[in-house]
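Should a chain be cited, it is by its letter among A, B, C, D and E, assigned in written order, with residues numbered from 1 in that chain.
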Amino acid sequence: MTVGAWICLLSPLAGALLITLAGTRISRRTAGYLSTGSVAVAFGGAITSFIGLLGKNGEERDHVSTAWTWLSGGSYRSGFEILVDPLSVMMMLIVSGVGFLIVAYSIGYMDGDKEERRYFAYMALFVFSMLLLVQGGNFLLLLAGWGMVGLSSYLLIGFWHERPSAIAGAKKAFVMNAIGDATMALAFFLIILYTGTLSFDHVFNIVQNGDSGISNSTPINLIALGLLGGAVAKSAQLPLQTWLPDAMEGPTPVSALIHAATMVTAGVYLIVRTHVIFEAAPKVEELAAGLGAGTLLLAGLIALVQTDIKRVIAYSTMSQIGYMFLGVGLGAYANGMFHLMTHAFFKALLFMAAGLVIHALHGEQDIRRMGGLRTLMPRTYLAFLVGGLALVGIFPFSGFFSKDSILAAAMDHGWYGYVLWVAGLAGAFLTGIYTARLFFLVFWGEPSAFVQEHFHKPKRDVVGISLAAPVAALAVLAAIAGWIQFAPLWHPIETWLQTVAEPLVSPAGWQEAVSSVLAVVLGAAGIGVAWLLYGARTRRVPRLAFAQRTLEHKFWFDELYDALFYRPSIRIARGLGRFVENPLIFGSGRELGQETRALGGLLGRAQTGLLRTYALAIASSVAVLALVFVVVR
Amino acid sequence: MIVATVGNVLVWAVWVGAGFACLASAVAVVSFRNPFYSALALIGNLGSLAVLYLLLSSDFVAAAQVLVYAGAVMVMFLFVIAYVGPRMDTPWAGGPGWQSVAAVLAGAALLVEIIVVIGLKAGGRLAHSAAVGDAFGSPRDIGRLFLTDHLLAFEITSIVLLIAAIGGVILGAHSRQPADEVPSL
Amino acid sequence: MTTLLIVVPLAAALVLWLLPLDRVSAAALALLAALAEVGLWIQLLIRFDWNERGLQFEQRRSWFSDLHVSYHVGVYAFSVWLIGLAVVVMAATIAYAVWVGRERARMYFGLMLFLTGAIVGVFAAQDLLLFYAFFEAMLIPLYVLVGVWGGPARMGATLKFVIYTMAGSLLMLASVIVYGLSQGTFDLVDIGASSSDWVFLGFVAAFAIKAPLFPFHGWLRDAYTESSPEVAAVLSGVVSKAAAYGFLRIAIAKFPGPTEDFRTPILVLAAVGLVYGSLLAFRAPDLRGVIAYSSLAQMGLITLGLFAANDLGFDGSVLQMVNHGLISATLFLLAGMVERRATTGELGRLGGMARGRPLLATVLMTTGIIALAVPFSTAFAGEFLILAGVFQQGWGWAVVGAAAIVLAAMYILRVISAVLHREPGTAVTDAALDLRPAELGIVVPLVACLLALSAWPAAISGHAFSRDEATRSVSQEFR
Amino acid sequence: MIHRPHVDWFALAPSNVLLVASALALLSAVLVPRGSRKPTAAALTAVGYAIAFGFAVALYVRSAHGHGVVADAIRRDRWAELAQMILAGTGLLATGISYRERSRSDHVAEYYSLLAAAGAGMIFFVASNNLMTLFLALEWFSLCLYILCAIDRERLGGLEAALKYLIIGGFGSAVLLFGSALVYGATGQLDFAGIAASGRDNDALLVFGLAMLIAGLAFKASAAPFHMWTPDVYEGAPTPVTAFMSAATKTAALVVTFRLLVTAFPQQAYLWTVAVAVIAVASLTIGNLAALVQRNVKRMLAYSSISHAGFMLIAVAANSALGGRALLYYLIPYSAGSLGAFAVVAARERELGVPVTIENMAGFGWERPLLGASMWAFLLGMAGFPLTGGFIGKFYVLAAAYRHGWTWLVVVGVIATLVSLYYYLGVVRAMFMRRTEDLQLAPVGGSPPTDSLLQGAVLVCLVVTVGSFFAVQPLIDLAKHAASSLPFLQ
Amino acid sequence: MLGPSVAWYLSVSAFLFGVGALGVLLRRNPLIVLLSLEIMLNGANLALIAFSRHQGQGDGQIFALAVMAVAASEVVVGLGLIVAMNRKRITLDVDRLNTLRG
């Protein structure tokens, strides 16, 4: 089955290279097919390895396959190796599966763009990177994939590179992720320092046995913090969340794939993967949960006032990932992963549905200019509805199962858990509001003037199909995928992940029930509120100027970071240039030279050209020399 | 005994005379404004030096001094001075003042140092010199030295003189052709 | 073998100078010689025995016996890689010069080949005086290459460059004399370790200026921006590595005591240079300025790794030397190509070159991405090892390094987007074509090397030093 | 009965041959018609130098054990012979350089005759073994040089230089003479060995005389602070003569200084080593700093020659066999470089017809590739870059200083070299990096006929300069044997 | 020996040397400078002869004779130069000989 995994990993890379090298020799459409095909192959590979694992019982579902020694220094080595175990296979399935649908969708969505080939190459590259991330057999390769997905997300966000905003968003995303990479790298240095290796099982064993002093509070906490830094950067959690909304400058499928389904959830995967370390540093783990809770509230609030259809969904992504962090932070790994999966389905669905809307409206994204699309594009309306309900967590849609189990888990974690639990419920309420707001604004009411003049229906050609089919597929998934695990009754995912990540919490049935009911109720309440405000328009939206502005400025995080980091570094650079580089570094040499020349000039003037001067020089030096000799002798 | 003392006094007297003549003429040479007089003073200087040489019982050198130097060389000097004309226009001395001062200082320093050094020795070995026979400094003696120990020196001297002659010809002679023609060396 | 590597380019240079060839044949001959050099190096690579420890392909003839100076050359494992870097980069730069068509071809190519020989000599010399001779010999052609074929302010630049470097080298000469005479031999293999701080500092001064390290980089900006792109490529790509090599081969290997004593100050300089260079690169107004300061930063990083003085650091540094050599050479050549199209390197007047120029965009993007050490690139591998190594000297260093790497991301992205993205700049017309096939032929090999290394950085980092025991000090490592 | 001493004609052969050549050249001034006067005289001189060189080599081979000859007036040993080789070679090249010199003088034959005579004098000088021969030989070649400076009476610069040189030279030799007198007085000996034998080391007269001797010789070697005549004379004299002086005079003076100090004043080493070291430092400092600001190339080279004197005096100050080796080795590339550099200047002078300044070297390197490249090599050699013998020379000198325990001297030398780079490279810069268009004046009468003799000489200098870097071993062996014939204490 | 000891003669020679030196250092007329040089040489000569007398051996006198010849030749060349310059209408003033300087 490792073979399947290798195929899964490499075929997207092959696709990317093929498209790059082929260049203009192949048509844009072919490029699309190539990339889709390669991802499909990857999915196939994932399935084979999944089946392969199914054939084994719990303990033997852990296979490492090394291709060659990738990096070695001193006695340290790490190979180019992949790890096939339940967790990675699950991620492989999600990534390649959802990836396949979205790439297929792109064929239609990106149709007619000048640089489609580049786009599909990038997409394939991203899928490869994501698979590298989840399959990487050691920390180093994990970090490699980590950086690669950051890179490809940079490339894709900035895909329309004439747009300054796109480039800016791309840069922002990359730099913030680079910060995360840096903290992770530092954590790895610590690991190397203490263990001399970066392969998962060695490190985990050492941590669990607690020898070599790594488990002392300081190093282990620092390591966990470093990892957490990477996780929050990648998953757009507090305090490194600001890049995600700007990332919406990229094409919509990109947002669906990278900034909803796969990459942004890598943080969750990381925590689950390295849960041993986090469990050794419980404080940090709780911090992760706390950050998750904070983010889900923050994002939910901001989402209330966003007017860009994609940004609303982006913020909802942030808050949903907040749930996942909450879950895994409390040790409910299976639940976190479960929500990751369902979220991948319904969030990708939402994005692609939004994509259809945007596509139909010639790239318009402002929801205030939309409305009444229900009649014009009923299927999209349905899809969006499914996605929305799943997002809010209404029974029986997938969100319900995964999200509520996380809340239940929170209840089983002492007072701290309860705090988070409350936050989660509040989040559910907010989710209801903003999702429904978006829904009503876009689809209900009468078609706005803008819509009437710009709307055009997709035709039933390849484009239409490639746009429609994936959405349909995802809608189905979003609707039913939740049934895979129904928390107290049956939990295959938990058992599947048992060997990799033993959950720390096991909520009782009543906790499940309570939180489920409350969550659904609150979600419904949120929808109701939204209906009052936007659907039926019986109430006017309450105006709280300050709150409004705060939310619209996203709690001034961008401004804060600008003032704290960006501007100072610019100013320092300028200052160095003006006060150090030019005067000291360049000046010094020049002045020294001038001084020396001046001395030379002096000597030149002593050379009067007069005989007597020369004779005098001789006579006096003779006198001195002789005197010295006679005295010293 | 008495003869000795008398002779001693006599020699002293001659020495004093010659010595002072020598010094005075030297000062005169460097201080006269007119080179002509300086040249004449130098002749006097050379003469008095010859006397000192005699006192140092080096007769041949004294003779050479008078003949070669005071005779030939100075005559040439006078000729040139006459040829050039008694250029009065050159100022006595000049250049920046501090240089003159420094010059005087340097010269004085040299002088004093040498005399001090000699004084240092005078107490010691310089006091009594080796006794020499009549042959010392005689032409025969000199000739022998010239032909034995210092054969080469003798030869070189002649070479130097020859070269000087050539130089005199080259520099002093009238140019043999009009200046416009430009051959390359 | 080693001698051959040194002599071939020198001989070619002589031929160029002596025979009255026309421009075309001169260029052809030069290119041929450069490629032959690469071929020779590949031979070396193949025939080098990686399990064997110590010096290989050794050759030794007495130069003058009374002071025990000899012509002694040979290659260690890591020298192989540095020589490879040198010959490959020189080949690329010469090819570039051929493509651009420098006037006074015979002189120009002769000098380039001469330079090649000198650099290879530096990496192969196993005798102090010989090393010094080659080290200086590099300067002679560089002086003229910068001064004659450079930009408007070339004269000041070249003079500054030479005076600066000579200031260091002459101190090194003093050190060479003192060291060699006090040890009774000048042979780098036989000569014993010394504990003299002053001698050590003499060497360090030379290398610190050549590299350059932080306060000694006064010559850097002018030399890199005024010289022609290919010469700048050689300067930052290869010549600076000679300095790093010197650190490793002499300063650290032969002066274990002083290395311990002066580690902290040198590490401080390196770290400061790393951050300082990155910041200034972020501020630099033109393409080459950015690359210049980035290479200041990179040399700081390499020095960090070297003076971490542990195996991680050494392996990382050697790897990073090759990486940075290839990267900065490629970047400078690309900068040259961009400047040829836009007639300027000012970032303000560039932009939007990606549109309709896919090849340029792809190559520049790829190189840039590797340059900013995105994980899974060879540069990342090198920096990872270096920082992991220096981390063991103290956490602070690695933190600084990591911060600087984030800065690196910032300035490289700035360059990439300033050149490729946004609306076309004032200097970018439609006359500015995409890369021509010839230009591709020049840069793609370099990029290919980088990608190959990204797939297998251990090729270098695992084969830089003989590996039979992890020694703390390199000096045993060489034996 | 006078029994004349046995005269070792073989030992005298080099200088005698040159004297004969000189005499014949002189005769040709009157016997040969003007048209063929120059070729004859030049050929005679050249042949003379060539034969002298041959004799010097033969002597070097044949005098493994140095001994005094002709009543110990001169010494026949390898020290002298190697120096004579250098001198003869220098003279030969100088003849070649002189051949096409433009001059309004009609004393062509005399010029060559004097050139030969000067060479003879120097060759004799380096062998001299007592104070008298030393003084006389010094005057011998000095007079020749005075006249050579003024050989072209139409050039005021030449006359001025000559008179300055004469007067200051006279002053210097007077000092030297008085010094010899004092030494003679203190020891009663004129020949070096005798002085060493009978001189007590703390004798006031003796050390005083020593001081004056050092001054007189340092004057000839144009070491600071006795150097001030050098730039003026070098600038004023005809360039070929300058070339000859810069190479030959220095060689002779330094070789003799070393021999005198080592042979005659071993007990006073504690005095003169320091003194020479100080003079060396002064020369390095003054020479280099003053050269920085020169625009006239000849003048700049003059100052640089002062600094080189400083370098070689470091070797002298080392007072060791290694020092002697260093000195003799250093002299070979230095002479070649200096001759060559001045030769190139002469060539430029001839095509421009004006004094050569750094400005009007512009573009020269590209117009005359051979000369340009050679000039480059010479300058690099003087700056002590590798691939030229200058590098090895400096290396040896500094090594000698270090062996003597004078690390500070090493540092000084190194710094001096750094300063010197500035002006040497300045010339290279002018030649290669400035375009000819920057040059205001046009060459007179287009480019003169290519001067094959001068170019040949330059080529030889180039070969020596570069070759001495590779063929260190043989040269060092020569120098080693030569130095071994001096009685060093260690 | 009769009369004053050698030291006295030496003092005279030293005095001559010093005065001659002063002449060279101070005077501007090249002729007189030449004469001063002569005086310096003569001072040296006197020293030589005095010492030779003191040592009781003739080398010094030989040296002195040689010096005379040398002095003579210097004078010849010097005078030749002066004549040549005079022919070029150069004022005989060593302080005017400063076109070469710096």
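Here is the rule we use: a contact is a pair of C-beta atoms (placed from the backbone, for glycine too) under 8 Å apart; a residue touches a chain by one contact, two chains touch by 3 or more.
Source: prediction; values computed, not measured.
The set of chains in contact with subunit B as well as subunit C comprises A, D. For subunit D, the chain whose average C-alpha position is most distant is A. Chain-level centrality, scored on Cα centres against the all-protein Cα centre, points to C.
Of the two chain pairs examined here, B-E and A-B, it is B-E that is joined by more C-beta pairs in contact. Among the other chains, the CA centroid farthest from that of subunit B is the one of A.
Chain geometry summary: the mean Cα position of subunit B and that of subunit D are 31 Å apart.
Subunit A and subunit D have centres, each the mean of its CA atoms, that are 78 Å apart.
The mean-CA centres of subunit A and subunit E are about 98 angstrom from one another, to the nearest whole unit.
Between subunit C and subunit D, the centres computed from C-alpha atoms are 43 Å apart.
Within subunit C, contacts with two or more other chains are made by residues 163.
Residue positions of subunit E touching 2 or more other chains: 10, 17, 20-21, 24-26, 33-34, 50, 52, 54-55, 57, 59, 62-63, 66, 70, 73-74, 77, 81-82, 84, 94-95, 97, 99-102.
Residue positions of subunit A touching 2 or more other chains: 593, 604, 607-613, 615-616, 619, 622, 626, 630.
Interfaces, counted as pairs of touching chains, are A-B, A-C, A-D, A-E, B-D, B-E, C-D, D-E. Residue ranges of subunit A in contact with subunit D, taken from their complex: 593, 596-597, 599-601, 603-604, 607, 609, 611, 613-615, 617-619, 621-622, 625-626, 628-630, 632-633. Contact residues of subunit E toward subunit B in the complex are 1-12, 14-23, 25-29, 31-32, 34-36, 38-39, 42, 45-46, 49-50, 52-59, 61-66, 68-77, 79-84, 86, 91-93, 95.
By the touch criterion given at the top, residues 160, 163-164, 215, 217-219, 221, 276, 279-280, 282-283, 310-312, 314-316, 352, 354-355, 358, 362, 369, 374-376, 380-381, 384-385, 387-389, 391-392, 395, 398-399, 402-403, 405-407, 409-410, 413-414, 417, 420-423, 456-458, 461-462, 470 of subunit C touch subunit A in their complex. Of all residues in subunit C, those touching subunit D in their complex are 17, 62-67, 69, 104, 129, 132-134, 136-137, 139-140, 143-144, 147-148, 154-155, 158-159, 162-163, 166-167, 170-171, 173-174, 177-178, 181. Taken together, the subunit A residues at the contact with subunit B in this complex read 608, 610, 612-613, 615-616, 619-620, 622-623, 626-627, 630.
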